[in-house]
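Some structures are shown below for you to check.
Both complexes shown next keep chain A, but they swap its partner, so chain B is in the first and chain C is in the second.
Entry: the complex of A and B
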């Protein structure tokens, strides 16, 4: 049942993504100033929003683990963090490709880009530390604390780097500068990518569950031996 | 003994054992000198550009040599299971944290006091008294995050590798503020305008992370 739900969700996301791509690449016109490269926005912006959504989910689940000590919350936290880091990396890579075309450079130390990079580093630390702790309860507890520390840092990083330097184009979402059909395409692609992201989290969640099962069996075998 | 008394006792114990062995501070001071040497190769030490980035260089030295001290804060209690005894002792976790943080702060300040004049000589920089609050606040940021993560990683494999990996990204805002402030103050600016904003950011960072660390340290140590 659960497995079917994952496949259906992934399939729905994939179908929506294909339909969106048709719309994005063949129907929507080129942008007046940027030409064809502006289309990267349909992947770049949703990836950032989804990454932060998953980091927020990880924060909630980390707090839930500390409050109720349910390993399910810990499993969701690590699954969401891992997929979140993937989307944050997609955001950085697509942004870099766009920057090469528009600014002529692959990378610039602008505040949004730098903040996202620091964010990736923070959560990479989380993902690297987890396997270094062998005892499951301790691993979940320390990872949850680390997730809280990391999330608390995100707004401070954001504002500090914002005061430091600014070059990124103004956010088109907040100013409403995007035509209706492009805004809708952005929304649809966000939903499609969110569905795929959620399916990935569920797949990762299952592998976490299986991993835990294997660990407990191994301990049981050790006790019996 | 009240909780603050316990914190003071822990800080005194750490400082006394450090005073006798000097293992962490000796290593940190030597490492600070090594970094100063290496940086002088990377940048022309008395050039104008180097003056402009002097604040940044100084905090690179403090942050890197500081990890040698921060790595030891909880690890020094692993011998003879002293950490278990400290956790089992009838004192609150935050007292243990504050005691450890205070002793680490003193050790880091010792390293800074030794390396600052050497830095000033090597890089031809004239030091100013307005640096003192920035040094205190910036070092407290390093210490509070470092000691919290040192408690977090004390039982983790590859502890020495894990700590720098975790603290530097977290410290980014505090390091930016300290580097810019130090650079501006060494340049002869006063605490006004942008510098006040950076000082506020540094104070805010210190408050947020002290509160988080004090609030979460029991969970980290006991589970």
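Entry: the complex of A and C
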């Protein structure tokens, strides 16, 4: 069942993405001020929203683990976090390249960019910490606490452009600053990338289950020895 | 000229995004392969142990 879901989601995401590429590159006009480079928005913004979606899934699963001690929740949390970090990295890298073209700089320590960078570091810390703890319950408990703590940064990233003056542009999605055809292309790209991201989470979840089986077999081998 | 530079940066951005995705998929495949090998090895080890006990 999971295998089927992986293939269906991956295929749907890939087809939608290819169809959307045609729209983005050949149908939509260039933006009046930025020219062609604005098309990075179709990857930069969905990547951030998908990363936050997966971090939110990790938060819910971490709370579920602390409440019910179910290792399935811990497995989903780590899978969602890893894929979330990948999307957050895409967001930072594409943003940096976009900034170099528009602002003339690769990087600036403004509130939005710095808080996103801190977000990636926090979740990277989560992923680096896990293999360092061998006892499964202790590892899952500490990871859950760290995941809840790390999620506190997500609203700061989201609202930073409203709370403070930043080099990063202000909100365009909620204010309707984006023309309808561009907004729809953004939505379709978000859905396509979300499908691919979910397929990746399922693949990562499968390898987490194998990892757990290995750990239990190792313990069994130790007992037998 | 500005337009050409614009397209170059668009190309860099999209290439970087896809390289990160492809890199991550490659990492997942490698990890899966390593884990499957380890799982097979441990199953054999534990299975052999059980057979010896019997």
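Here is the rule we go by: the second predicted complex is superposed on the first by the 212 of 225 C-alpha atoms of A that agree within 3 Å, B and C clash if a C-alpha of one lies under 4 Å from a C-alpha of the other, contacts with A are read in each partner's own complex, and residues count from 1 in each chain.
The definition used in the following text is that a residue touches a chain if its C-beta (ideal position, glycine included) is under 8 Å from a C-beta of that chain, and two chains touch if they have at least 3 such contacts.
Everything quoted here is computed from the prediction, not taken from an experiment.
Asks: Counting only touches as set out at the top, which of chain B and chain C does A:101 meet: first, second, both, neither?
Replies: A:101 contacts chain C only, not chain B.
Asks: Which partner chains sit in contact with A:220 here, chain B, chain C, both or neither? Use first/second/both/neither.
Replies: Only chain C; A:220 stays clear of chain B.
Asks: Scan A:153 for contacts with chain B and chain C and give back first, second, both or neither.
Replies: After superposition on chain A, A:153 lies in contact with chain B alone.
Asks: Have a look at where A:47 lands relative to chain B and chain C in the superposition and call it first, second, both or neither.
Replies: second
Asks: A:35 in the overlay: touching chain B, chain C, both, or neither? Say first, second, both or neither.
Replies: A:35: touches chain C, not chain B.
Asks: Please indicate which partner A:163 is in contact with in the superposed arrangement: first for chain B, second for chain C, both, or neither.
Replies: Touch partner of A:163: chain B, not chain C.
Asks: Looking at the overlay, what does A:145 touch: chain B (first), chain C (second), both, or neither?
Replies: The answer is first: A:145 touches chain B but not chain C.
Asks: Help me check something: in the complex, which residues belonging to chain B touch chain A?
Replies: Those residues of chain B that touch chain A are 145, 148-149, 152-153, 155-158, 162, 165-166, 168-170, 172-173, 176-177, 180, 194, 197-198, 201, 204-205, 208-209, 212, 216, 219-220, 223.
Asks: Looking at the complex, which residues from chain A come into contact with chain C?
Replies: 34-37, 39-40, 43-44, 47, 83, 86, 89-90, 93-94, 97-98, 100-101, 196, 200, 203-204, 206-207, 210-211, 213-214, 217-218, 220-221, 224-225
Asks: Under the definition above, what is the set of chain C residues touching chain A in their complex?
Replies: Residue positions touching the partner: 2-3, 5-7, 9-10, 12-14, 16-17, 20-21, 24-25, 28, 31-32, 35-36, 38-39, 42-43, 45-46, 49-50, 53.
Asks: Where on chain A does chain B make contact in their complex?
Replies: Touch residues, chain A against chain B: 66, 118, 121-122, 125, 128-129, 132-134, 137-138, 141-142, 144-146, 148-150, 152-153, 156-157, 159-161, 163-164.
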